[in-house]
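Have a look at these structures, which come just after this line.
Below are two complexes that have subunit A in common, paired first with subunit B and then with subunit C.
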Partner chain A sequence: MNSFIAFIMGPMVWISAIIFLGGLLFKFIGIIQSVRSKEPYVFSYLTVKHSLRSIGAWLIPFFPKSTRLSPVYYGISYVFHIFLFVIPLFLASHIVLFNEAFQISWPALNDGVADWLSLAVIAALVFFAIRRQMVPEVKYLTSGSDYLLIFLVALPFITGYLAYHQWFAYRWMVVAHVLSGELMLIMIPFSRFSHMLTAPLTRAYMGSEFGNVRHARDW
Partner chain B sequence: MRKSFITGIALVLVLAAGWTAFSGQDSQYLERLDNWAFESPRRPGAVFSHDDHIMDLDDDCSICHHVYEDGKLVPGESSEDYYCSDCHGLKPAPDNSMPLEAAYHKLCRDCHFDEGQGPVLCGECHIKE
Partner chain C sequence: MQSQDNTMTDPSNETKQAEKAKQKATDPAIEAGLERLTPERIKKTINQVLEKETGPRFKAYVETCMRCGLCAEACSYFLSNDRDPRFMPAAKVKNTIWEMLVKKGEVSRDFLREAVRISHLECNVCKRCAMYCPFGIDIAYMMLLVRRICHKLEITPQYIQDTVNSHSVTLNQMWVKDDEWIDTLQWQEEDAREEFEDLQIPLDKMGADIMYSVIAPEPKFQAGLIYQTAAMMHAAGIDWTMPSTPGWDNSNMAMYTGDNEISGRIAKAFFETAAKLRVKRIVMGECGHAFRSVYDMGNRWNSWVMPPFEVVHALAFYHELLTEGRITIAEKYKKKVTLHDPCNVSRGRGLHDKAREVVNMVCEDFVDMVPNREHNFCCGAGGGVINCGPPYKGERMVNNRNKAEQLAATGAEVLIAPCHNCHSGLEDIIQHYDLKMEIKFLGDLMYETMEKKIYKPGA
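And then the complex of A and B:
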């Protein structure tokens, strides 16, 4: 059992990280090649200035008009996305592992705070799942895989929460936590999680077309 | 078919939970390490059985109570009369390449990995009080 744990907390972390980063790189190259062959004129008006302007505008919470039209959804979405990154990157237990592997360290979140924030992330995911059922235009676009992806994001947080509290089956809970985290990383290039790459690309395209062609704002 | 599959999965989970609940830290000599040397510990001190380790290591104290000089292990020398924190300072520094927390984690966990037995996950040693 210890050698299995050594594998999933050692080589498997590297394998997951390489698939995650390499997969996104391949996807990026594929998208650029696809645009080059199908709509090469996009590059004639794509500029760094208009791209960054649009990405920046959409990074500021409630700055774009459409986000103010659905404040509850966007509010929960902002909180969810921020803590999706902040909790795992600033969790004391994760930093300890980083420190032992690479001798680098940074300030950690208070464990109690991280504990409550994890519940907030899980609650946000429950909200997203219910929303897919309740809002007709969203329900129309929803398939089973959307719920599967929501569950996949929730799993590392649920197992992490249960493992931290050591209520039951601790060893299995940590194993499930590590594996589900790695599965989520691996799935990013191959699923709609890849919007962490494609969303900024969409903004670059939209920002350039609105800013450089129509001389309008896209937020 | 599908029902029996779900029943099978449920059975495996129950057995796994049961196995975990009744295996692991079962030594009668278990004690909790005093973590006074840490300024603001985030976790309770690790549980540990000194007697079990003495037996398992055939009374060779120097395996854990080691002595390093100029970054090299001095074979056969042991340091039971010192605190771990006498050599391992809290913060990393040029003359303190192995801070106290990392020293504990590496000494215990690496050996447990190498030996294929013993606790290796955070909460297996830092059991909640």
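And then the complex of A and C:
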């Protein structure tokens, strides 16, 4: 059992990080190659200027009209995505691990703040799940996999929160936390989590079609 | 006013009407086509299109959609049908191409009957939803993909298929015969000479500055529009010509049925006609889909990144005539007007600001509809929907309720619709919802208000 735990806490962290980064890189190369061989016209219309114009416009909170029509969902979603990256990257206990591995460190979030931010992420995920039930048009599109994705993101935050407070079975909670974090990282290239790579690409293409060909705004 | 309120706000009445219209609209071409299909052919065709005719773009759209539902707010069909989820853009994808993908092409005839309906009658491929999706997913592209599959399965609605047949045989949309075309132009020229001495509609003038092109419905039943343009060309002293040979029609319904081969052929014939006449640029009448065809899509089917000629839509051309002082307005139009931005020249070419400048130069009292410009609601007729013909008019009117409400809110007396499809669809809406509005092309107002100069060469 101890050797299993040692594997989860040691080599598996490296393996999942490599699968996450390598998987996204592999996917990106695959997309570029496939565009080149099957749909090279995409490159005829893609421009850096219009890609960035569109991505930029959609990063400004409440700038696109669509986001103003659903302000609550959009606002929560916006903050959720920021916290999703900020918390794991700026958590003191994570920075310690980075320091051990690479001898680098950076300023950490105050633990108390991070604690509240984690709760906010969990609350946002609960909101997403409820929204999937309550809003008819979203419910119509929703399938089991949508809840599974919500659950997969929630798990590292829930276990991390419980581990930090050491309310029960601390040691097992840490193991569960590491395991669920690894699972999420591994799943990113192979699930719709990969929208972290593909969404900027689809946005860039549509932004270029609108900016370059249509001379119109797409926000 | 009472009756108008009733029709616009009573959803149960509208839903009943829609159900009734649906039952009535059994399309013989779709039904006969479905009869001919075998499960093997369905599977083979769907998989051929999905595997060979799509690529990373489609794959990325399928993998990227997070089912967030934000596209719903974009769609006139969703808003007109009391927010029925079946009409939201992502649901249309879910109920057509996702299902085909998941089932690997093993879908039933009933499923395909629904797929034809959704892709041909419940989507105008106006691309408004692409502006409401945070990821810019192009749902119109996927609806055109469904139409492509329907085309290959030969289950395209009858009326629009007939226009494609006409394109294929005559290179124009309305079975206009070669001699009828020339005859119509000469008839308009003759009529116009009573008003403008020496006016000409020059045919096949080599090396003219401008080739003017129209869609086939103009010679077929709106020849007066050609008259008006000829008057403007004459008054402005433009060196122009119209082709006497096939290739004069810039419309392209094959683009909307997924008959990409014929669509490419039409665009090629069009550009070759311009090349043969060695004109400097092409100006086209007030049509949106035709503009999309030669500016955005037809060129791609002939492997041109951009069209080989400068293609100028009427809106931009009027702007040029007025700002260069080639045409002056004698007296501005008095009635209160509003402007409908057609998707293919606004969202499709950003001409909305120029259009407003022209309207303000021509009219005294302009009021904008809300939303407007790129965000304008679709006319509900474009994208080949109105071309599916009279059997579907009833349900189209139900699906356009949202547009009727938008129009009514302007309080304008005159609606300017600078696109043929929009014009016809909006005319139906005005009639059905009893809106007290007249509908006009921008060219109608240009002609009505302009200084009717008689052009003398060298003068």
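Everything below uses one rule, namely that the second predicted complex is superposed on the first by the 211 of 219 C-alpha atoms of A that agree within 3 Å, B and C clash if a C-alpha of one lies under 4 Å from a C-alpha of the other, contacts with A are read in each partner's own complex, and residues count from 1 in each chain.
We adopt the following convention: a contact is a pair of C-beta atoms (placed from the backbone, for glycine too) under 8 Å apart; a residue touches a chain by one contact, two chains touch by 3 or more.
Small disclaimer: the values here were computed from a predicted structure and weren't measured.
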After aligning the two structures on subunit A, examine subunit B and subunit C and state clash or fit. fit
Touched partner set for A:Tyr170, first subunit B, second subunit C, both or neither: first
Answer with first, second, both or neither: which of subunit B and subunit C does A:Ser93 touch in the superposed model? first
Counting residues of subunit A touched by each of subunit B and subunit C, the higher count belongs to C
Anyone got the angle at subunit A's C-alpha centre between subunit B and subunit C, nearest 10 degrees? 180
Can A:Arg214 be said to touch subunit B (first), subunit C (second), both, or neither? second
Touching A:His195 in the superposition: subunit B (first), subunit C (second), both, neither? second
Quick one: is A:Ile5 in contact with subunit B, with subunit C, with both, or with neither? Answer first, second, both or neither. first
Looking at the overlay, what does A:Ser54 touch: subunit B (first), subunit C (second), both, or neither? second
Tell me the contact category for A:Lys38 with respect to subunit B and subunit C: first, second, both or neither. second
Of all C-alpha distances between subunit B and subunit C after superposition, which is the least, in Å? 28
Which residues, counting only subunit A, touch subunit B once they are in their complex? 2-3, 5-6, 92-93, 96, 99-100, 103, 108, 111, 163-166, 168-172, 174
Could you list, by residue number, the parts of subunit B that touch subunit A in their complex? 16-17, 20-21, 24, 42, 92, 101-102, 105-106, 112-113, 116-118, 120-124, 127-128
So in the complex, the part of subunit A that touches subunit C is made up of which residues? 31, 34-35, 38-39, 41-42, 44-45, 54, 58, 64-67, 69-70, 73-74, 77, 135-143, 146, 192, 194-195, 198-199, 201-203, 205-207, 210, 213-219
Which residues of subunit C touch subunit A in the complex? 55-57, 59-61, 63-70, 72-74, 78, 83, 85-86, 88, 90-91, 94, 130-138, 296, 300, 305-306, 346-350, 371, 374-375
